[in-house]
Structures are given as structure tokens and as C-alpha cells.
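So the structure is just underneath, and the comments pick up after that.
Just so it is clear, A, B and C label the chains in written order, and each chain counts residues from 1 on its own.
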Amino acid sequence: MHTRVSELVERFGGQLEGDPDTEIAAVAPLERAGPADISFLGNTRMRPLASRSRAAALILAPPDRDAVAAGYEGARIVTANPYAYFARTAQLLIPRLVPEPGIHPSAVVHPSARVHSSAHIGPQVTVEADAVIEAGAVIDGGCYIGREAVVGEDTHFFANVSFLARCAIGARGIVHSGAVIGGDGFGFAVEDGVYIKIPQTGRVVIGDDVDIGCNTTVDRGALDDTVIEDGVKLDNQIQIGHNCHIGAHTAMAGCVGVAGSAMIGKYCTFGGAAMVNGHIEIADHVDITAGTLVSNSILAPGRYTGFYPIATNAEWERSAALVRKLSTMRERLRALEKAVKALGEAS
Amino acid sequence: MHTRVSELVERFGGQLEGDPDTEIAAVAPLERAGPADISFLGNTRMRPLASRSRAAALILAPPDRDAVAAGYEGARIVTANPYAYFARTAQLLIPRLVPEPGIHPSAVVHPSARVHSSAHIGPQVTVEADAVIEAGAVIDGGCYIGREAVVGEDTHFFANVSFLARCAIGARGIVHSGAVIGGDGFGFAVEDGVYIKIPQTGRVVIGDDVDIGCNTTVDRGALDDTVIEDGVKLDNQIQIGHNCHIGAHTAMAGCVGVAGSAMIGKYCTFGGAAMVNGHIEIADHVDITAGTLVSNSILAPGRYTGFYPIATNAEWERSAALVRKLSTMRERLRALEKAVKALGEAS
Amino acid sequence: MHTRVSELVERFGGQLEGDPDTEIAAVAPLERAGPADISFLGNTRMRPLASRSRAAALILAPPDRDAVAAGYEGARIVTANPYAYFARTAQLLIPRLVPEPGIHPSAVVHPSARVHSSAHIGPQVTVEADAVIEAGAVIDGGCYIGREAVVGEDTHFFANVSFLARCAIGARGIVHSGAVIGGDGFGFAVEDGVYIKIPQTGRVVIGDDVDIGCNTTVDRGALDDTVIEDGVKLDNQIQIGHNCHIGAHTAMAGCVGVAGSAMIGKYCTFGGAAMVNGHIEIADHVDITAGTLVSNSILAPGRYTGFYPIATNAEWERSAALVRKLSTMRERLRALEKAVKALGEAS
């Protein structure tokens, strides 16, 4: 799609400098942008790249305005958050490819399921009894929608998603390929070392504007529901245990694991492969660093970290051996303190 | 389904107190249980909740009997393991939804495959040549059953499972959506830095009463088989490498990884994201804490742990910097000991 | 298939000792090998097993030649890299089962897709518009091939792979079940704590001879492509973020995670569950130990490690408590050094 920078400013705000009729057709990184592209300046270190850029237009922040204007001749949009502005511009220029409404002849849709006439059901899909697919929803090839499941308006399931019985997702969601929503939670009683399954009768209830990554799994609750609030973004290969509650606008990077019944606040972030133990509470606005195990509740906002620092293998062998001997080192320290005190008193 | 508490006691034992004709229809947590529900007292701290509960009946342990009886007026079942009793009661009240026997017309079943007349094959399923699906097995939509694979009696595959050639699972198993059983093991010879694949000709052989979680992967053996014994419970997103042997009634939480040829005992537990190196032996009754890397064999029962403790990011930066400098600290300690000894001798 | 050891030596080289007409039909481990099997001696510790082996023939290295010849009477092939020789022999004796060319009637292949007449498209497969499936490629049941995707010659997709729009893989690749190639990268701008999606318009471009494990995910690039070079081997449950570049002949064990825009060199190895932060550079010939988080760029070859050593839970509790108190220990060390210095000067 084509547009002019003046149209962007009408839609998204910002202060326009340069030719308002500058045409743009695509987004591109600063280095690769050409005369039909718009690009953006993410931070001040990119100023030299921006000055040399061949982009038709740039999005930048007020502190970079004068420095860039000195060297760059294209149109500029000045705005407080250039990256967010760039995201909206990219969404406008690269509209989502929406397939034709209708049900592919190879799909199996139970007669009691309700599929809105504007929804798209791709090849090899299964939609079970009493499921509901709302307006504008897109279900790509090979997906499985369980009985009584609900897929909200304009939500998009990529190929081979499993969305199991009675689960629900709101509007404008994206569920990526291979994700499994609504598998049984890992709930067992133990008797004489043998596991007895607790039937998992809760659901997974997902709000609006939620993205779920490839091969991510979210388990249904045991008796109550697993809940994922509006705006949550889950990357790939994440595991969310039964009865978890993930607060609105929390984001998790790939390979994160959250054990059952964890209550996680709003506006949190989790770095890759962070792990959260079960039955833990995490406050709003908590940031967990990649590779960190959250073993206890965190009640104050802030950044928390816990991973063993990487080193050459030889250095690690030394430090790891000493970590195991820390209590010996403390004993030696105590003995020395005693000896020095005695010497001090004697002298 | 409906039942009376007297029927529960007939089936599952326990000592009944209160009205034996008390009707129950469902299970519920103490807080939410109403006059048609049965609930349970998992531990002594729940006594106040139990006393106030509106449940028709409660399952509880002998130490809680008198305290609860003082405040609560419904029926009570006293038993040594209330949670296990609750699990059995829940299984009775919430019977597994078993679909109609038969093969969905959209399924592709090879003429040489044997599907028992009481088994269910859902939509979009593929069953390859010479596969065997035994009595009462349920294969949900989109599953793939490879040639010569065997699915045991009453075993349930949720949607989109891949169960590859020649693998076998016993009776009453559950394999959740997205699980892949029988992918090639990661076996290569290296020559001049280039990898040469070793054909993986073993199988995966799974016992009875095994649960396998969503998107969990179990690789086939290289020459011999990968073996998962009876009663093993694997949560979601677990990876089991080729030629591993997992002993009976061992349970693993989500995101655990086990490298090839690990021999793991019976009645072990693994917390989430625990990792086991290859060619390692782990004895029976070993418990591994979440987030722990098992780098060597463990021959004695007990709990083992190894993860970096979480802290505020600032505290972690200090401790991580010092972990790297532990050998310097030890040198300083040694120098001090020498100096103090010299001073002591001099004085 | 059957062969004679003389034929192996003609194909793969090595020095033959013993009867050149020795017939072999299969490969087997030393312990289990019988009179129709060939086995190999991976290292010198296996000499006693080799001497007692009932194998028809053995592959071994020059240092083991005399010791084995003294006790073992079958044919021997002496070669510098017995394991690589064994791999090639196994590939010869166990040819890949290649299904009949053709498109299964249940598959849905868009009329604009080009499927080579020698390729195999299995049951329940979807091939979208303008996709290309080249000669000898095998697409097993339930796979999804997105529009304009390209699958190279003799590449094999196991069941239920999702290979999304515009992605490309070269020749002789293997993609295992449940893998997802080309999901959207995890790219968002943040405004007032709310995430705004950046459209992900790059592709995943995969070279020749690449293996991708079960349920592994590789995200498409944001604007540029995610690139996986020739000969890369990825095990199961690996996550590769958008815009990563993985150099040729690098291998990663299960559960590894690589965050976006990481640039990884050639001939690297990553142990299980190793994690790589985003925007990091790793040189050629770097080996990362299992369970290690790579938090900074690594510019020199070598082995790097960083995981907390496992211990009994009680020992870990002591060491973890002291790790948190390392700065206190350093303060006490400093105070002691000062005191001892003062005592020394005083005496």
C-alpha cells in the first residue's frame, strides 16, 4: 500500500518537517531504506546512520531532530516514541493478508458449531460441536477447535493450533502454529508413590489482543480457570501451568515456564527461559531477567535476577568448586577474626 | 453424575460420619463448594475454611476430624489420604467424555491397519500401514499414527499428536496435544566438523498408565529402544533424548530436558526446567529441584538442588561479580592466614 | 540390505583385515552384535568388549588394531574415525524408507503450487498457493506448507510440520514432527506499557543438509531474514528468534533458546538448555556447556560455562545463602587485612 507522510501525521499525530507529499510504500531499516521507504531512529547512537540514510522519510524523537535535520534531506516526523509510531506505520503499510471468508471443503465443522459468515476456516481444520467462531476470525490449515470453544472477532490462528474444549479467546488475538491451549493441568494425588489423576475441569480464558507464540502451551485449570488478561504477549515455547493468572500487558520471551497457580501481575516482563515456581505471587511492574528462577513471591516492583555468570570453562570450574566450599571459607574467616582479635588484645 | 456419600465409602473405603444419604453431584474447592458439592481438607491450615464451608460433604484426615466436626455440619469421610480420596471421587463424578466408537469419514486409515471396533478415530486423523489401535482407544482430530505403531487399550490421544512408526504405548495412557513420540534421536558422527547422521532405528516403548504432556517430545532410540515404564507422568514441553530409560512412577514437571542415554530410576521427581545430562544414572527416589542441572550421576536417594538464588538485579550484580572473583578471595584468605600465623609466632 | 566388508572398503576407504567376503546385514552395538552384524570401537576402553564381540566385523582405529586383533577373529576395518565410518555404513545398510511419489487424495494442494512428480505428499497435508516442492521431497501426513514456501530436493518433513509462508529450505534437509518454521518474530513497540505489534515480513532461509528437531521453532525475520546455514543440526524443542543467523555446521542440543538477532558462528556447539541473549555475537568454534546463559558476546573460540553446581539440597541451601552474602564476606576480609596490617606495623 502507498501513502504520503501527511496522511501518517493525520492518522498518528507527530510533527511533520519537510515535504508533506513525500510518498512512501514500505518500511525498512536505516541501512537498507531506499527512496520509497520510511525508517526510524530508535536511539541517538543511530544519528550517523540516519544522516546518511536514503530513506524517503524518517521518524525520530525531539532530541535527534536538529542533528538529523543537519544531514538528512528527506521528510521527518518528530514524535515522542518513534518506535511505536514506526509500528503503527508498518501495520498500515503492510496490512495483514486476510483470506476469503468461508469454510474450506476439506474442513470438518460440526453441524452444531457456529461459524460467522465472515470467518475463514482453512483446509484440514476440525471444529467440534458447539464451538463458536466469531466475525472475521481466521483459522488456518490443520487447526483443531474443541467443543464449546470460542474464538473471538478478528482473532487469527496460524496452522496446526490445538484449541481444546470450552476454552475461549477474545478479539484481535493471534495464536501461532503448534500452540496448545487447554491441555490438562498436571494435577495428581500421590498414594504409595503412585499418581492418581485429578480431572481437570477448568478452562483457559484469554482476553482481547493477546498473542501466543509457536508451540506455547497453556493448561486448563483444575477446578477454576486459567486466566490470561488483555494485551498479554507470550513468545514461543512457553509453558503456563493450570490455574495461573497472568495480568494484563505482561510479556514473556521464549522458553519461559510458569508452574501452576502462579499469580502474575500486570505490566511485567520475563526474559527468555525465566522460570516461575508454583503458587507464587508476582506484583505488577516486575521485570525478571532471562534465565532466572523465581522461587519465592515478589511483592515489590523492580528488576530481579539470578543466573550463574558465564566464564571460560576453566574459570567456571574454579568458581564452581569454591561456591561449593563457601561455608569452609566462612569458617576460615571466622577463625581469622578470632585470632586477630586475640592478637590485638595481646599486643 | 450423582452419588451418595455411602456409595463413596463402599467403593473407596474411609470412615463415614454424618448422614450416609447425603447426595453429591460435583467436586469443588472449600471456598466455592455448595450444597451439592464434596470438597476436601488438604492440610491442617485449611481447618477454618472447612468449618465455614457450605459443602454437602468433606473428605479429611484423622487429625482434623474433631476440629472440623465442631464447626461443620455436613457429612464427613475420614481417611488417611484425603487428596487421593478426592481424586478418586472426582474421577467418579466427572467421567471422561468418551466419544462414539468408529472412524470419522475424513480420517485416512491404511487398509492394513487394525482399528478395534470400540476405538474412536477422529476427524483428519492419519493411521499408517500395519498400525494397531486397541479396544477403547480414542484418537482425537489431526493425530498421526505411524506405520506399525501400537496404541493400547483405553489410551487417549488428544488432538494433533504425532506418534511415529513402530512406537508403542500401553493401556490407559494419555498423550496430550502436540506431543511427538518417536522422532529421530540426535545422533551424529563428526568428521572435519561436519555431522554425519546415524540412522535411528530403535523405538519408543511406553508402559501402562503413562501421561505425556502437551508438546512433549520423546525420541526413538538409536539402535536400542527408549523406554518409559508404567505410571510415569510427564508434564508439558519435556524433551526425552534417545535411549533414555525412565523408571516406573517417576514424574517430571514442565520444561524438563533429559539428554540421551540417561538412566533414571523409579519414584523420582523433577521440578520444572530441571535438566539431566546424557549418559547419567539417577537412582530410585531421587528428587531434583526446579531449575537444577544434573551434571553427574546420583546414586543415593534424596533431594538435590543447584540454581542461582534470585535477588534484586543490583544485589545479583554484586554477588555475580564476586562469584567470578572467588579464587582471588581465597588467595587473600590464605595470605591472611599466613600473616596471622607469623604474627602469632612473633608475639 | 546385505553387503560384504570389501564393498564397504571400496566405498568408504579404510584398511581391511580378515576375510574380505565377510557378509554383513545390520549394525549393532558391541554387546549385542551377532554373526550378521558390523559394530565399531568408539574408544580404547571398549577393547575388552570388542575382543569378546560376536560381530561379523568391527570398525576400529589404528591404536586399537593390535590389541583387538589378538582376541577377535572377525573382519576388521581400520580407519582414523571409526564412528564416522560406522555412520556411513549404517546409512548404507538402513536406507531411508522413501514412500511412493505422488499426492495423497486427502491432501489439499493449491492449483498454483508446484509439486515435482517425484515428490511425496502424504495424507491430510495442506500446500498453499505458489509453494514449491522439489524433486524427491517427502511431506508426511498433516504437514502445512504455506504460500510461496520452497522445500528443496530430497528434503523430508515428518508428520505435522508447520512450514509457513515464503520460508525456504534447501536440499537433503530433515524437519521433524511438530517443528514450526516461520512463525512471527516477537517484535513489539511499547507505548504506555501496551505492546504494538511490528509486522514481521522477513522469511526463514535454511541451507542444505540442515536437520531441525521435533517441536523446534524458528521465527521469521522482522524486516530481514532469519538465516540457518548449511549443515546446521538443531535438536528438539529449540527456539530461534527472529533475525538470528546460525553459521554452517553449528549444532544445538535440545531445549536451547536463542533470542532475536543473535549472530552465531560456524562449527559451534550448544549443550542442552543453553540460552543466548539477543543481539549477541558468538565467534566460530565456540562451545557452550549445557545449562549456560550467554549474556554477552563471545569473540574467542573455546568452551564457556555458567551453571550453578548441583549438590544435596542442604548443601545448596548453605552455599546459596553465602552467595547472597558474598559482599559481606569481602567486607570482613578487607577489615581483617587492615587489622593484620596494623598489627604487623605495631609489632
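The rule is simple: a contact is a pair of C-beta atoms (placed from the backbone, for glycine too) under 8 Å apart; a residue touches a chain by one contact, two chains touch by 3 or more.
If you're wondering where the values come from, they're calculated on a predicted model, not measured in any experiment.
Superposition angle, chain A onto chain B, using Cα atoms only: 120 degrees, a multiple of 5 between 0 and 180. Of all residue numbers used where chain B meets chain C, under half belong to both copies. The two sides are thus made of different residues.
Between chain B and chain C, the centres computed from C-alpha atoms are 26 Å apart.
The residues of chain C that reach two or more other chains are 106, 124, 142, 160, 178, 215, 237, 255, 273, 307-309, 311, 323, 326, 329, 333, 336, 340, 343, 347, listed in rising order.
The residues of chain A lying in touch with chain C in their complex are 27-29, 32, 81, 83-84, 86-88, 90-91, 94, 96, 104, 106, 122-124, 140-142, 158-160, 174, 176-178, 211, 213-215, 231, 233, 235-237, 249, 251, 253-255, 267, 271-273, 290-291, 307-313, 316-317, 320-321, 323-324, 326-327, 329-330, 333, 336-337, 340, 343-344, 347. On the side of chain B, the complex with chain C involves touching residues 106, 108, 124-126, 128, 142, 144, 146, 160, 162, 164, 178, 180, 183-184, 186, 188-191, 193-199, 201, 215, 217, 219, 223-224, 237, 239, 241, 255, 257, 259, 273, 275, 277, 289, 292-296, 302-309, 311, 315, 318-319, 322-323, 329, 332-333, 336, 339-340, 343, 346-347.
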